[in-house]
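Presented below is the structure to which this report refers.
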Amino acid sequence: MISLFTDFGSSDIYVGQVKAALSHSAPGVPLIDLLHEAPSYDACLSAHLLSALSASIPESSVILAVVDAGVGGARRPVVMEVGNCWYVGPDNGLLSVIAARAKHFRVWEIIWRPQNLSHSFHGRDLFAPITAMLATNQWWPNALVETGHLEVMFGDIDIPQVIYIDHYGNALTGLRAANVPHSAKFISGNYQLGYARVFSEAPAGVPFWYENSVGLVEIAVNCGNAATQLGLSLGSQIQLSG
Amino acid sequence: MISLFTDFGSSDIYVGQVKAALSHSAPGVPLIDLLHEAPSYDACLSAHLLSALSASIPESSVILAVVDAGVGGARRPVVMEVGNCWYVGPDNGLLSVIAARAKHFRVWEIIWRPQNLSHSFHGRDLFAPITAMLATNQWWPNALVETGHLEVMFGDIDIPQVIYIDHYGNALTGLRAANVPHSAKFISGNYQLGYARVFSEAPAGVPFWYENSVGLVEIAVNCGNAATQLGLSLGSQIQLSG
Amino acid sequence: MISLFTDFGSSDIYVGQVKAALSHSAPGVPLIDLLHEAPSYDACLSAHLLSALSASIPESSVILAVVDAGVGGARRPVVMEVGNCWYVGPDNGLLSVIAARAKHFRVWEIIWRPQNLSHSFHGRDLFAPITAMLATNQWWPNALVETGHLEVMFGDIDIPQVIYIDHYGNALTGLRAANVPHSAKFISGNYQLGYARVFSEAPAGVPFWYENSVGLVEIAVNCGNAATQLGLSLGSQIQLSG
């Protein structure tokens, strides 16, 4: 299975070109759109989101992950192996939260280059062929060189920030709920947020936090739009109360 | 074939997780996104839309249908067989319009539970594995118990309301066109809407109704946006004139 | 492989119905969403965009292309062969820019009609079955009649207009960059746009043009939204300076 995690936009012209390349080079391998609305250009917020979503990816998957403001610049293209999954993307921190939280990981720099490499679309021209190579268990000679490390590491520390807002207006944070007691209260703007197990246990209209389905602290409003009501946007800070 | 009908949002983080689960458990089975922008939380409007769209689903399909404000609450998870198709989803009325219009249907409660069941994402954790089970013709022992009925039934009556607005601004109603003579006129706000066979037969800018491609009465404006011009939104009422 | 290029909206109810039909009639053939947000109803802008994107489509593909304001009217449904690809769509100019730029092309009118042909959704009812027929190398007798030409031809001339705006706000034009020297400057509103190789070579906030990944002149702003900053929309004119 190949999973895609990008900021290419789910409705735009880019994903289709990547998938055409993948489908051509790795015929028969299922392609799953994990997310194409990752925080644009923001490798750090995206890295925390990718780390949380990666728990939903079956073993033996290859994940093409591209949030890459530096495309065409000096950042290295890399392959990373964690558990039984392969990640393919830029060495700009995007893969580093997964790496920092893993027991073991291996990293290779991609030194292969295609005959025609556009300046602005390495997702299609460079990362997709390498993803297809891994997904089909072909190993081209001299495509990868093991380097053992990522150059940009954000570390494994949880971040008390909004990393994603879903279409219901729920705000996912970079805090893993397993690290937070249910007694914890958070401050966001003028609101204090207590814990609720599920939406239906919170009074309508009252903001709360809960452990969402990917293990993160999520801010929500029963029958409401939390992001609008609390004025939250990508990167907004929240803090523990008291 | 597995078809998906949800209010998860087509650009959001949820559909990919469901598809990763399905693709892992039902490898090789095609996954079709019927709609992920079903009326949010509204099982009744969604039930009428699903009934209309189901005519486009090939036989022997499994349909995962989730519009489920009560996730994590007491509503039952069910499987329904109608014709040669299987429907998997919550027993909150979402499947009931199809049932009410069918000659025969069978219903099972899903009593199987996964080891890890999130409170908020039964689409991924509960409905997807059961969908995969059906799509691969596996029948786990003690997964389903036949109950024969749905607890929530909206009935088979057409509803004179807007059930969906497409990206062109056309407004689909819950009225089946086969039940409405071409001579019928509808009132919507300050407009009276007559019948036209196709867009090009209606004068530009004049609202009309026609039988759309899924058999419903649809309100449209040739070269215009009907929803904006008539001030229509989900649930808006229309009425027969005279 | 079947690639889809339409203005059906990527989040709407139409693409899923087309894919259900394709998946049923051409089982096992990969379906790639090239774009479903083509300029609505605008066959000319869409034709230039399709021509540029077609370079990313692997050989031996079938492309279902539908931007079809005249659906249900008199325009002919056609099949076109160019290189090793097949295009299926309306004869309203949408396929004509590819044809005009090709060395050789062949055209057939589709004379087959399904038993149930809706007035408004030939993508599902007429073009999808023919696409599946071609993708599975079946040739139904009397489905196609070779006519050799398209009735509507826009020609091969580049157009100095915005043909697409992506979700970053970059504006693709109908000018092929191979025809434009790097010394060229364009005028757009109050701005003069010089060439930059990549985003990172342009000062932040300063509009520029570059050769994008599908070979077109694209207007962009490093760390900004070009369409908003320059007031660009679909069809906006730009002109060569001096």
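Letters A, B and C mark the chains in the order given here, with residues in each chain numbered from 1 onward.
Operating definition for what follows: a contact is a pair of C-beta atoms (placed from the backbone, for glycine too) under 8 Å apart; a residue touches a chain by one contact, two chains touch by 3 or more.
If you're wondering where the values come from, they're calculated on a predicted model, not measured in any experiment.
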Self-check item: Partner chains shared by chain A and chain B (touch criterion as defined above)
Solution: C
Quiz item: Same or different for chain A and chain C, when you check if over half of the residue numbers at their contact belong to both copies?
Solution: different
Practice problem: Please compute the C-alpha centroid of chain A, do the same for chain C, then give the distance between them in whole Å. | Solution: 30
Quiz item: Going by the touch rule set out above, which residues of chain C reach two or more other chains?
Solution: 10-11
Quiz item: In their complex, what parts of chain A are in touch with chain C?
Solution: 9-17, 19-21, 23-24, 27, 40, 70-73, 118-121, 124-125
Quiz item: What residues on chain B touch chain C, complex-wise?
Solution: 1, 3, 10-11, 30, 32-37, 49, 53, 56-58, 61, 164, 166-168, 197-200, 210-214
